[in-house]
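Input: one structure, supplied below.
Letters A, B, C, D, E and F mark the chains in the order given here, with residues in each chain numbered from 1 onward.
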Amino acid sequence: MSVVVQNIERADQEVIDALANCGVATVHEAQGRIGLLASYMRPIYRGARVGGSALTILAPPADNWMLHVAIEQLQPGDVMVLAVTGPSDAGYFGDLLATSAMAQGCRGLIIDAGVRDVVELEDMGFPVWSKAICAQGTVKETLGSVNVPVVCAGAAVAPGDVVLADDDGVCVVKREDAAEVLEKARARLALEEEKRQRLASGELGLDMYKMRERLAQKGLRYL
Amino acid sequence: MSVVVQNIERADQEVIDALANCGVATVHEAQGRIGLLASYMRPIYRGARVGGSALTILAPPADNWMLHVAIEQLQPGDVMVLAVTGPSDAGYFGDLLATSAMAQGCRGLIIDAGVRDVVELEDMGFPVWSKAICAQGTVKETLGSVNVPVVCAGAAVAPGDVVLADDDGVCVVKREDAAEVLEKARARLALEEEKRQRLASGELGLDMYKMRERLAQKGLRYL
Amino acid sequence: MSVVVQNIERADQEVIDALANCGVATVHEAQGRIGLLASYMRPIYRGARVGGSALTILAPPADNWMLHVAIEQLQPGDVMVLAVTGPSDAGYFGDLLATSAMAQGCRGLIIDAGVRDVVELEDMGFPVWSKAICAQGTVKETLGSVNVPVVCAGAAVAPGDVVLADDDGVCVVKREDAAEVLEKARARLALEEEKRQRLASGELGLDMYKMRERLAQKGLRYL
Amino acid sequence: MSVVVQNIERADQEVIDALANCGVATVHEAQGRIGLLASYMRPIYRGARVGGSALTILAPPADNWMLHVAIEQLQPGDVMVLAVTGPSDAGYFGDLLATSAMAQGCRGLIIDAGVRDVVELEDMGFPVWSKAICAQGTVKETLGSVNVPVVCAGAAVAPGDVVLADDDGVCVVKREDAAEVLEKARARLALEEEKRQRLASGELGLDMYKMRERLAQKGLRYL
Amino acid sequence: MSVVVQNIERADQEVIDALANCGVATVHEAQGRIGLLASYMRPIYRGARVGGSALTILAPPADNWMLHVAIEQLQPGDVMVLAVTGPSDAGYFGDLLATSAMAQGCRGLIIDAGVRDVVELEDMGFPVWSKAICAQGTVKETLGSVNVPVVCAGAAVAPGDVVLADDDGVCVVKREDAAEVLEKARARLALEEEKRQRLASGELGLDMYKMRERLAQKGLRYL
Amino acid sequence: MSVVVQNIERADQEVIDALANCGVATVHEAQGRIGLLASYMRPIYRGARVGGSALTILAPPADNWMLHVAIEQLQPGDVMVLAVTGPSDAGYFGDLLATSAMAQGCRGLIIDAGVRDVVELEDMGFPVWSKAICAQGTVKETLGSVNVPVVCAGAAVAPGDVVLADDDGVCVVKREDAAEVLEKARARLALEEEKRQRLASGELGLDMYKMRERLAQKGLRYL
């Protein structure tokens, strides 16, 4: 039952890039607060922001064989999303695999396990969001699958979904929803800019969002 | 039972600033090793150091409504301290709320939950110590309270207490003890400076602190 | 049964330095994937890399007395490795102890507990890998031992073993194996450099490592 | 986007019951080691074993409103599977909800959050597998959905999938695979019985599974 | 600053006992969802239910000296509540201390640390709610305090407050609120009994609580 | 470097059994508070108490092959102690392996990983202390070693060391120290019995242990 699905559909790259520019928190809100990976997924260095099409990998605990298989399936603009069949914080990925992935146009890795060579990865500019940083090596003994639907850090990810990651975390947008979510995210950002200016000038959220009446109805008392 | 206490007493701002300059570890020692928040409270960026009067917020899990209520109560020099009635790592706070809080003179946020927009917050220079970084949004449905005594990350905090935070963690000093603790902290720092020079010159702590006799009495053997 | 062993053997300093240059992940692989400390041991700042002879410390929970005893036993090039007899995240170590340790030629600290004054430690260039950052102080009441075999963060460490630490974690090499492991690590690095160039040029790991046949035998299917 | 899907397909009840009898560990193996929920999901009392059709619930953090909505959709033989849009260990479920659920024929609850009234639930014979036991109450303010695909404790669950739970954990079998997995599980059990007798009589697994040659090839040495 | 406060006020024992009978979850609800200790506090055996006046203890990490001091202050009906100045899971308490505490009329222990001799404690019928079960011993070197306000497992507890504990967790009721909370808890139980019967007969919570209109207003759609 | 050491020395079985009868907490104290495994090691059922000679196993993450190898090396009275080269909570061990181990005279398993079939194991009377209960299976692909020194749950264990486990946790006694530790443990138990009677009669520990003067010297004040 170990398979490599070779042809997957991807969202439009311009849409993906525009979504990445909106930021994870905004996109997550714009699509109705779904698709967020668990907050234990942290970037290995600050300031990275990435968007791409999910090339999904399902791997056994402490076994990174499928990463080698997956790299052949990469297309420029892809982000690898590695889920595990059992928890592991071993270091599945390091600078050699990153060299290979970058040569195929890969933009980053989301991995519900460990990563190593983090200084080298930062120097190479290859961003990774992971559960752990760990020098522990892995074996190449047991099969998994590539480009099947997976659950990564608590979120369901299908191959070709849009994956976005920045310092706030990692979010997945269903491929078919990408354009619509982008529109909503942009609308949200436009609104936020106006709100930001009003708040910066000292206007209170209580007034701007007209919260006072509802707070009183709920029973808030000022002493 | 949801209340907003509007008038709270605060410590003298010069004392607060002086305490902040002493650093969390020193102040914590100076006041007898009390008042420290749990070590899972981490700054969202390195190098921030803040002191202020605690504006306390008690909020339900994954509901940030009370932050909007609290911001109206801010006075310049305040630090918001958000405690939860049940654990949550949702992102209660982001750049819009920070814009509003800064406009009211707020110096930072201590939150026993999650925060988002961390890159923007660093760019704005608004420091946050939190349990989690998480893009997950919150609702505005359930009341809490503002400026009531709370327990935040294991420490009791009363409104108007002095809150200090740096890379070593977060510490609270009772408002009425602030001046006395400052005096002790300064005395401690003066002593430390002298000790530092002696240690730097190669003198051993065993000798400087006259530990050898007591170690021998306890039974330490050198082989 | 609290002892300080005063004379321990150390590995050759040139070998130690050369091992440190190879990096933790490489050395860990080179010696057969043993000797790694748990991945919760994290550096207090980025970019540090250290190698040294282990001066081991066994300390009670929240009691740092033995650190003072240990500093007297330091020789230039040593790294202190502190293990606990019961879990603690208290701040055993800060800038004063670091001043003293540096004056004796110590290169860093590996501590299965907490550390404080992290900004000052970074300014001093004294690297620490720890389980926690915590301003909580410790007492000086209960004895432990210095230079006895310990278990630190899940790894057995003997006095005089080679300790290596960088952003990927911490690894211990048995003193008597140091030279042999260095040889293997260097061989590994040489091989890696060649692989890196082939992968960078677009060659696939599947081909370079000749994995295709074995994958097929295991039953991997391409769809 | 909050919906209640009212008509879902379910697997054959006899197949479900037979799968439950096989046990979670056996079924998990039989279907190729997929579908297991995270091991933090623990039963609130020992000795329960349950199988049923998944009625899925997606609920906000610390908000149990959707449980009331879900109960109306229950059919005899169902097991409720509650997933959250953000982590929570609040007590979503207690004896009143259990009374209601049992009245509709519900067999148990799998909840990636907290539960309370555990003594009463055990007395009633209503089994729950949960992330936490917690008396903390929840609100009824925010919608979620019923009978949509969810991720519960790291496993993807679709409405109508077969859910099995016992002291070893919780496993989900895709509805359409239920019959085939049952067949494999039964075959496995039959084989196990024979193996058990041979092992009980003292035969070694090394011989029974013919492992000696492969161990030698891999390089195992006997000293 | 280490003190033993010898005279504390206690609530009426009949009120305390009646509160204990109501159960932790009910009392927690009745007093507005405050006062609950963190859910990691678990009973060392099933089926215990206890109520008493809090004799508070503030103890250093891994040091149980203050327990000996506290036992002298016990009055029949008291429950000891031990908070720590820094986290520890050492075994502060075992069968000898329980023998002594029981001889003074103590009803149980709530401890934000570890406990040992759990089989013996169960045999003696001395219930404990703890963060850990751990055979690790403690020292008697550093002072703490008895009957001062503490924070235990995230909840503020004052000496003489009412402490309630059962399989759902641990809850504290302010001494001065005990009678009023009891009244509310009883009212709640009376209401629950009626609800239970209606739910058991098959009536839906959706109808009994009249939720349908509000769900529709919020936008819930049935498919 | 994967080896099976076939001949190991064991302690006297009568000494081992007598140590087991003393209990983990007492033995741990008697030997100077060393040798305790981390408190996350919990028994899969209540009331088990076991003592035996450690047959050590070093196994890769999620790979239980070495258990089959180890079983051949068992002698009646042995307890298997499984350590991992990287963290895993997979279920390495279940009822089939237990059947085989029991047939060789094995008394129990200490495993720094997961176990499954816990109901069956309890029915068989085969006690296990583990980090996790998890139905997740393991592979048989990578070698480890048998009867080499290991670190299990933070404690160093040599083959043939005495392993003791009960509801308070797991403790290891060096083989060569077994007789001496037994003597000390028995002395301790004798003393405890006398203390128990005095404490039960109402005598205070403060008096029995003569603590009052030292408390006063340290500065304890009674208010």
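Assume contacts are C-beta pairs under 8 Å (C-beta built on N, C-alpha and C of every residue); 3 or more make two chains touch, one makes a residue touch a chain.
Nothing here was measured: the structure is a model prediction, and the numbers come from that model.
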Same-residue or different-residue interface between chain D and chain E, half as cut-off: different
Distance from the mean Cα position of chain D to that of chain A, given in whole angstrom: 28
Between chain B and chain C, centroid-to-centroid distance (C-alpha), Å: 31
Rounded Å distance between chain B and chain F, as computed from the means of their C-alpha atoms: 41
In chain F, residues with contacts to at least two other chains: 33, 36, 85-87, 89, 134, 136, 142
All pairs of touching chains, each written as two labels joined by a dash: A-B, A-C, A-D, A-F, B-C, B-D, B-E, C-E, C-F, D-E, D-F, E-F
Interfacial residue positions of chain C with respect to chain E in the complex: 60-62, 85-90, 134, 136, 139, 141-142
Chain A partner contacts - residues on chain D that touch it in the complex: 1, 32-34, 36, 38, 85-87, 149, 151, 154-156
Chain E partner contacts - residues on chain F that touch it in the complex: 23-25, 28-29, 33, 36, 39, 42, 46-47, 166-169, 171, 192, 195-196, 199-202, 204-206, 209, 211, 215, 218-223
Contact footprint of chain C on chain A as seen in their complex: 2-6, 65, 68-69, 71-72, 89, 91, 94-97, 99-100, 102-104, 114, 116-119, 132-137, 140, 142-143
